[in-house]
Every structure is written in structure tokens, then in C-alpha cells.
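Accompanying notes for the structure given below.
Note that the chains are named A, B, C and D in the order they appear, and that numbering of residues resets to 1 at the start of each chain.
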Amino acid sequence: MTLSRRHFVMGSSALALAAPATIARAQSDNIVFASILDLSGGLDIYGAPMAETTRMAIEDINAAGGLLGREVELKMYDAQSTIQFYTQFATQAAAGDRADTVHAGITSASREAIRPTLARFKTLYFYNTQYEGGVCDYNNFCTGSTPAQTVAKIVPHAMNKWGKKVYIVAADYNYGQITAQWMQRFVAENGGETLDVEFFPLDVTNFGPTINKIQTAKPDMVISALVGGAHVSFYRQYAAAGMLSEIPIASTTFGVGNEQKLISAEEGNGIMASYGYFEGIDTPANKDFLSRLEAKLGADRPVINELAIRSYEGAMLWAAAVREAGTTDRDPVIEALRSGLSYEGPSGAVTIDGQTNHCSMNVYIGELADQEWSIVDSFENQPPADTQLVCDLNQNPNQSTFLFENGLAAAGIE
Amino acid sequence: MDLFVAVTFQLVYGIANLALISLGLAIIFGMMRVINLAHGEFLMLGGYTVVVATNAGVNIWVAMLILAPLVVGVIGVIVERVIIRWLYGRMVDTLLATWGLSLLLIGLVTSIFGASTATTISPPLGIIRIGDYSASGYELFLIGVTLVLFLAVFATLKLTKLGLVARGTMQNPEMSSALGVSTTKIYMITFGLGAAVTGLAGGLLAPVTGVLPTIGATYIAKAFITVISGGSAILAGTAAGSILLGGINGIFSFLTGPTLGEVALLVAAIILLRLMPRGITGRFFRKSL
Amino acid sequence: MTGGNTGMRPVLIFALIGTVFMFGAPYVLQLFTIINLTTAIALAVLALSLALVWGFGGILCFGQVAFFGLGAYAYTMGAINFGGSTWAILVAILVSSAFAAILGYFVFFGRVSDVYLGVITLTVTLIFFSLIRRTSGPEFKIGIAQIGGFNGVTSPPLNLPWDTSSFLFPEQVFYVAMAALILCYVFCGWLMNTHFGRVCVGIRENELRAELLGYDSRLYKLGIFTISAGIAAIGGVLFCNGVGRITPDVFNLYNAALTIIWVIVGGRGTLIGPIAATFGLFYLTSALGGQSTLNNNLVLGVILIFFVLLVPKGVAPTITDWVARRRRPRKASRRARRTMRRDEGSNA
Amino acid sequence: MKPARDKRPVIVETQNLAMHFGGVRAVDQVDFTLFDKELRCLIGPNGAGKSTFFKCLTGQLVPSAGKVIIRDGETTGFEPHEIASLGVGIKTQVPNVFDGLTVDENIWLSARRWHAAKRARAVVAETIERLQLGDIRREMVGRLAHGQRQWVELGMVVAAEPWLVLLDEPAAGMTHDETARTADLIKEINTQAALIVVEHDMQFIRMISKQVTVFHEGRVLMEDTMDAISKDKRAREVYLGNRA
């Protein structure tokens, strides 16, 4: 093959956006808001509620007259639980739809697949999922809670209530491992002892051997960072072995996919969890949000969890920034966001932390009773302390890395 | 000592679990030389039957032991009539068609019930104590059911006409037509029976693992590997495959953790198939059922 | 199923069409389409590799994605360590082929056949899936490259040969990908017209007869298995460039299934069929991703069942047969003459 | 071992060859000798063990005991391709052809095993001529009649230019004319190569045979000319009895 060198644009910063002259302009004068989520395949359990609240956010914005006098158009893509579709739809959204913002991604893998694409096309990116923390990217706003926000609160709360000896079970992948590391750290900081940490592949459904091990170790409590549909079996089998009444469970992952509805009341009663949102938050904003959602989707609406609420609030944060900046251009909007923009939503006040492009938020601790979370404690305005340890975008605005990609130790955290 | 008993119990349960999820696949494979890749989804449908039925107020035992096998068995017969019967003798094509069926069923159930379904069923039996340890009474029940199921299939194969044909087919796939029975009917019954056993297993496991449209994927690879490792003898093959693979998985899981347990299972299956390309019962226990 | 000896002429015609497309597409299609096409092309190379080993070699490899993924990982690890992509591409092809050679030795010399071979290759794929998913953390690395576990690892982009400072942009990778696809396609077409290729087809048709003619079928199977793994690895290199990242998901059951679907839809025993089917189904799945009325699994499942039941030969052979049936009565003599010429040419 | 009646070198020899399936002794302690350029027919009733014996020679079965020696080397347990690679042409009972390929391609695959591309093409042309397959050379073998498929397989055997040919029921399913032509072909092959022919059809054997070996219950009952065998009482009892 002979290819003239003219076709290859050299250098690492120059953008080749201008190369082919045939890029279509955006089809209309609408502001384009793109969403890419897994609405089918193994991850749709998370994606489906996020899609509902995203739709509701766009409807709310348009009902309030749109932005800057223009209507906001929602382009929604189903990545089908496949990473390659994230890259593909991100490219399509950024270069094809000329989206003004892209709200996308559930797993960290999906986020990492699209982050470089959107950075390259200078398209503003929101990641509205709770995750292991550590993204340090000027173009990327992470609105979900990170382990230091939730684990830091639930560990002392649970240890005060149940005792100092802890057994950790976690999903065997990046998120589970990093969360388990934070759990160990906060257990130690609060004077407790971690008896054992055990990791499980995401498709394990038989937890019998582990339940034996827990019985051997006799901890005061089990902390779980198990994730996904298969791991729900743990809670069932744990309860079936009569363990739930003997050794209680705390978790920062149980409930991410509304697991409390997948097990029966007896199997879940007493499980403690910590998130940035529970439906039971007693504020007018939250009640109004839920009643409007119910009016829209009917009584069998999905249970709203942190993933779903951040999808709504992330869209609202962006809308607020556009109003403040008076434009949808990326740079002014980013500046508006980073100036410490705050949005008072169903979960309380959510404030952008300019150092990390993450959010300070309220953190709640809930206990499960009859498949419903009841809030037992809450903490206002918790900063993303873990990411703050390693990331400072005020100092290095050009940074665009995922610092916890290889675990905490690689990022210099012990 | 208590620990030993508790661990052994878990080991036996792991083996029974593997045997339970594999048996339906083995029946269809052993008698018809059809590898049903929608097996995982048949299990899933069994689970959904139980959930839907109990939510509608049906007694959980009725739902698990009667409705689940019945519903999935009927679905199996329909599938056999509509898809499988056109493809006999084309092993690879049946494999592909059932793969398509698997995707279709996942999509269908997701469309009807949504990505996650509220399930309120829980294991209906109490707890058994082993000294300091405890285990679920329901797990003991499942071990028992697995044994009973094997005995029932054994009796069917030994005492009925269907069993006669089945044994003929296992010895010599071409022979069944020579026996002068309607193979069409026998195949339809077999597929339905295999599906029913699978539905029963899915229904029984629903309280243990929960029910999701995509849950089948968790089972299919394991069941598939167990049956192929076991070879074409339905009962002996499934039992041998489950004991070997389930045993290895259980022991490694306890000693090193579940990840290496899974890997050990897969590696054992590969080595086994290299040494015995026709499975355990292709080499040993050839004349068994 | 058609014979293997179709001559080089159709291969070269399709290669020419591909070349025209390669240089013409950037002037017709939008930028994002060009960028996204790289992924489709990478998958087409994967489909081509399975078309070779299954359609022509008769070896049902359920785990073709294992070689594809292994190639992608080897490329990524290599490119990070070497700081450039040139050697990494070679490493990817070598690693994948070498692994296939070892696995192939294991199964073919153990006379594992048919569906059992399918199970073993699928199992190997699932082992990769399980093992790589748990490799997050700093202790899992090859050289200076972290394997990255479930989240995967960012793949460095291609650079100009031996010029590690000149990275290619995604729209430029399109040219590389398209050229690679065309070259692989021509290579496979040529291979099937060699003595080796014809023996492979002979083994597919009747293994015992090939043995009785004095061909060691194990060696030929091993050969085509290894070659197809190398081609799959090239696909893997392009894939991780198209996506910008490689994750263990590449080894999952869904992807393994999809590869089989492409080949069965396109047709076993042809090379262009599976390539065309990949592009077609890629377009379809992308289009399905932009809507939410129909569940995607549902659509894919229906397609697969439809083809197995009603178009079991696949699209390309069915079209060829149909054309042949329509032409035969009138143009029989012309066809015979052409066949003769073709045979003379390809035997030379 | 039987005393050599011939000065020609022995090219196939079995010693105490046995093949057991479970409890059944399909072949039992067979000592067998074939000389260079000899044409030998193996006969016997169904289940006499001749086909099993044949498969032990071709490597399709690994004998339970005993030895097979072809030319100077022991070939017990060889794979079929290893036997064929010695220059042995083999035709099996069921026509074993490449159904999805044309007649040309079938024969080419055989010729090309032994010759470079150019010579192989010449051999294909010669073989097609010799077996009068010219009219069907472009047809898919799978679409041909049974007799034609048999001929294609014979063509493959011939194209390899073997020095030893093993044929299992070459005339099965052929018309009368085809059988006669096959007999002629076998005689023609016999000018270049030794043959072992397993056959049922007595008429056919009479057309070609010189020396015949009779199998009975896994053993060699006797070995003689066809005429002598037709007159032998034992042979008539076990096999010819009501037919000859």
C-alpha cells in the first residue's frame, strides 16, 4: 500500500477534525445532549433506571423553557453492555451529532473507553456513576460518590454498633478491590481488625465455602463490596444459613442495582448500606421528584438509587452551568462548573469540587427493613477525599488520567 | 471436626448443584446428540415461572416442583417442534440454532419483565447446625432432590419404552430408527423431558440465586463443560463429570479462593478432554446409563 | 457448501472493490463513520479468520475470539513496553499463532474432533475471560505494562513504522485497517488455491480419504489453525486501535457467539460472505443501539435461528447458487470454458 | 509361517495378527504373506474378519496383538497416512471421496501428494483418460452415481502410482459392465503393483484372481487358487456351500 505522507497528520496535540471537509453540521438549532448507557445485556439492571431519570431531566429542562431559549434534544444510545459500542457511540455523538455534552458510562471500563475520544473532540463529558475514584480529567466531571465518601462513614458507624472484627467480601475486579482497600484502611483507622478479605469472580453463585470460612473466622460483621446479579446469591445463601441474624452485613455496593428488591424481606432485613442517595430522604425536593417520576412512569417505576439520581442531577448541573455561562461552548461551561457550582437536588446540595471535577455531596447511611431503606444517619457536604489525595486540576488543568487504574498503591496511596 | 463436616457438606452441595443444572442438558445430549445452548435460559425460565407463580399467590412448593417443570417442558416441546426437529443429525446447526434461541429468550424475557425483577421468594426451609457451623436446610433438600431426580431418570430409562430407545440410542445413534418406534415422537418427548428437568432445576435454584434474564449465562458454560466431560452416558456421565469438576472446584475454592476454583475447573476439563476425547463415559463405564 | 477451488479472480475483484472503497470512503462518509468503521473492519478480519479455519478447514473453533483478544492484549502490552507499535504488531501475531500452535498440537494430535474441539476452544476463551478479569492491581504486569483486570487497559495507537513519535489518528487508522483487511483477504484467497489450501478443503470434505492419500491431516489442521489465529490477531490489533482500549469482555460468550453468527450468516466455504455479513450485522447492531423499542438480543437471536433454519448455507453461497441456477441452461458452454481457463491458471 | 512358494520378495506380512472387540475375536492369529506383484483376493462370509484384517493393514484399526510388516518395516499401529505415505494405494469399502470437490480436484489431490504441480497435472490428465472420466471431470463428486464414485476413488488410487494397492470391495454396487471394466483395471494395475482385494462377488473374483485366501471366524481357513477352493469341501461348507 502506498499512502502519501500528506495524509498523516503528525504531532500529538493537533486535531485532525478539519481533515475531511464533509462533516455534517448539527441537523438543527437544538442543543444536543447525548446519553450512552447499557440498556440491554448484563448491565441493563443499572442502565435502565439511569435512562429514565436522564429522560426526565431533559423533559424538566425543556419544560422550563429549554436552555438559552433553545430546546434540548436528547440522543440516547444503548451500548448493549459492550465496550466497543461506547467508543463508537461516543465518536458518533461527538463528531456526528455534535453533542454539546455527553453523559455516559456505567463501568469504569466504559468510561475509560470514551474519555480519550471525548477529550479529543473537545466534548464535555459527565460520568454519573459511583465508582472507585481517581479520575483526574479537566474535561470529565464525575458526579457519583467514591469509596472515601461512603466507606469512611459506614465503617465507623457499623463498628460502633457491632464490633471491631471485620470480614470483607468483595467482587474480584478493579472496583471491588479498590473499595476493599478503602474498607481495610478505614477499619484500621477506627481501631478495628480485618480478619480476612476474599474476592469473588463476578459470575460466582455458590458462596457455601465462604460462608464456612466466615463461620470459622467469627467476625463481628461482614462488609461487602460484592457486585452484580450473580453476587446477590451471597445474601440469599448467607441468610439461608442463618447467618444474617448472627453476623450482620454492611455494604457500599448492595443496592447499587436495587438488590434489596431482588431478595426477600427476611433475607435483607438489617443490612446496612451507605450511598449519596436513598429514596427516603425527607426533603420537599426529593418528594416532589419522586411524585413526578411516579406520575410519569406509573406505580411500577424503578426504585431510584444513587446511579439514577446522579444521572438526573448531572444533567441539571450541566444545565445550570450552561445558564451561568450563557453559552453551550465547552470551555466557558467547564469554567462555570469548576467555579464551585452547586445544585440543590433530590439528594441535597451537590457541589462541584474544582480540584478534582468530582462532587461534594451528602452521604446517607440506611438500614434495610422490608425491602425499603430507612435512613439512620446522614453527613452533609462530604468531599471526594480519595481523589483529592492525588489529583489537583487547579495546578495541572491539562491532566487527563485515571490515577487508580492500577490500584491505590500505584497512585501512591498506602 | 465440625469444620470438616461443614466443608464436606459444601463440597457435596457443590457437586449436587452442578449435577442438577447439568442433568437436563445431559438427557438431551445423551439421547439426541443435540447440545442445547439455550439450556441456561431454560433454567432461567424455570426460575421465572416460580417467581411469577408465587407472586400470583401459588404455593411455593407447587410452583417449584410442578409448575416450573411443566411450563418449561411445554416450552421445550414447542421449541422441538418449531426449531430442533428440522436439524436432526446436524449437530453444529442445532448448536447454533439453540444459541440463537438463547439470545431470543433473554431478549423476550427482558422485554416482558424488565431488566431486573422483584422476587420475594426465599429458601423455604430452616437452618441445620453442625457444631459451630450452620448450613441452609434448603441446600440439604437440594442434595436430596438431585438424588431423587437421578433415581427417577434411572427408573425411566430402565423400565419404560422410552428408556429402551434411549439406551439404544446411547449405544448406537443410528439404531433407534431400526427399533421400529416413531423416532419423531420419542425425540419430542425426550426434548420436552430434558427441558422439564431443566425447568425443575431452574425453579429449585431460584430461591438460592435469584432470577434475572441474563442469569442463564452463569450456568451454561459450567453445565456444558460438565456434560461434555462426562460423555454421552446420561446419568453416569453427569455424575462423573459433576463429581470430578465440582470436587476440584470446591476443594480449590476452599483452599485458594473462588477465582482459582473456577480456573481449576476449566483447566481440569481441558486436560480431561485431551486424555479422553469422548468424555469420561466414552472411556469408562461405557455400558452405563 | 462449495469447493475450495474457486480461483483467484473473484478474490482479486473483491479486493479491487475494497481498495476503491478505502480511498473513496473518506470523501463520501462522515468522519465519525470512518473512525467507527475501523472497529467493523477489525471484526471483519476476525470473521475472515474464522471463515478460513471453519469454512475451509472444517474446524469449528468456538474460541476464535481468544486469538483475537490475545492478539489485542499482546499488541497493547508490546506497544507499551517498546514505546511503539511496529514490533508490537509482530509480537501480537506471533504470540497468538504460537498459542494456537500449542493448543492445536494438544487437540489435533489428541484426535479431539467435532463438537469437543468447539468445547475446548470455548473453554480456553472463558479461562482467559476469568483470569484476565482478576488481573487488576500492580502485581499483574508484563514488563512495564499493567494488565488492568476488568477495566482493561488503554491501547497505544499505531505509529508510522519505526517512527515512534508519529501516531496515527483514528481516521488514519482506517486506511491501515482497510489495507490489512484487503491483504488478509487476498492472502486467504491465495492460500486456498495452493496445494496446502486444497488439502485442507479435502480434509474438511473427508478426513479419512485425505489420510488414505498420505496426507497427515493433523499437520494440515494445525497449520490452518495457526494461520487463522495469526489473522485473528491482526484483527485484534486493529480492534484495540479502533476502540482505544482492550478489556477482558472481548473473551466473553457473547462475542464468541457473534463471530460464529457472522460466518454462518455470510456462509461457510466463502471468504467474502462472512466479511460482508460482519459489516451488515455491525451496521444493524449499531442501529439497534440507537433505538430502544426492540431488544437487541431478541433481534440477534431471531437472525441466527432464521439463518440456521432457512438459509443454512449462508448468504453468499445461496446467492451464488441462485445465480448459477439461473445462468446454467443458457450459458452452460461458456461456463465450462471459463472453468477450464480458471483451472489452468490456478494449477500453475 | 508358510513356506515361500515364490522367489519374489515378500512385501506384506502379518504375524499372529489379532483384533478383539470386547469379547469378540474379529481377527485371530492370522499369519499372512503377500509377494511383490501378486494379486490376492480375500474372501469369506460376512463377519469372517476380512474387512477387519484389511483395516489393520491400512492403519484404520490398531491390532490388539501381532505384527504387520510392509516391505521391510513394521507398520503395526501406523496411522493411515503413514501407511499411504509408503506408496500404498487404499480404497475403502464405502466410497471415500471428497464429495464437495470435482472429479478433477479429487484426483489432483492424490497426484499432487507425490508430484510437483506440473507433473501432477499431467498425471491427472492421464488418469482421467485411463479411467474414461472425461465427461464428468467437472462434476461435483457428491452428485455422481454410486458406480461413478467408486471409479473416482479408484482413480485416486491409480493417480498415486502405488506399488501396493489395497481394495475393499471395489466392485460393490457396480453394473455388470462397470464390474468388467474394474476387473480389467485391476489386472492392469497388477502389472505395476501388488494388490490385495477384499471381495464378495465370486464372478468378479473369477475374473481377476490367481491366489485366494479364505477367512473364516477370524482365521485363515485356506489359501489356494480359486479353482482349488471351489472344489474344497471345507471352503464350500463355510462359504460357497449353497452358492457355487
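What we mean here is this: contacts are C-beta pairs under 8 Å (C-beta built on N, C-alpha and C of every residue); 3 or more make two chains touch, one makes a residue touch a chain.
Here the structure is a predicted model, which is why all the values come from computation and not from measurement.
Any chain touching subunit A that also touches subunit D appears here: C.
Two chain pairs, B-C and C-D, are weighed by contacting C-beta pairs, with B-C ahead.
Ranked by distance of CA centroids from subunit D, the top chain is A.
Averaged C-alpha coordinates give centres for subunit B and subunit C that are 33 Å from one another.
A separation of 48 Å divides the Cα centre of subunit B from that of subunit D. Subunit C and subunit D have centres, each the mean of its CA atoms, that are 42 Å apart. Chain centres here are Cα means. That of subunit A falls 36 Å from that of subunit C. Taken residue by residue, subunit A touches two or more other chains at 40-41, 172, 199, 201, whereas all remaining positions touch fewer.
Across the assembly, subunit B contributes 107, 110, 217, 259, 262 as residues in contact with two or more other chains. By the definition of touch given earlier, these chain pairs are in contact: A-B, A-C, B-C, C-D.
Put simply, subunit A touches subunit C in their complex at residues 1, 3, 7-10, 12, 16-17, 19-20, 22-24, 39-41, 51, 75-85, 87-89, 91-92, 94-96, 107-109, 112-113, 116-117, 172-175, 177, 199, 201-202, 405-407, 409-410.
Those residues of subunit B that touch subunit C in the complex are listed here as 35, 83, 86-87, 90-93, 95-97, 99-108, 110-111, 217, 220-221, 224-225, 228, 259, 262-263, 266-267, 269-270, 273-275, 277-278. Subunit C contributes residues 26-36, 39, 130, 133-134, 136-138, 141, 146, 148-154, 160, 165-172, 175, 179, 183, 239, 242-245, 247, 249, 254, 285-286, 288-292, 295-297 to its touches with subunit A in the complex.
Against subunit D, the residues of subunit C that register as touching in their complex are 1-5, 195, 198-199, 201-202, 204-206, 208-217, 269, 336, 339, 343, 347-348. If you check the complex, the residues on subunit B that touch subunit A are 3, 6-7, 10, 13-14, 17, 107, 110, 114-123, 126-127, 132-139, 207-212, 214-215, 217-218, 250, 253-254, 257-259, 261-262.
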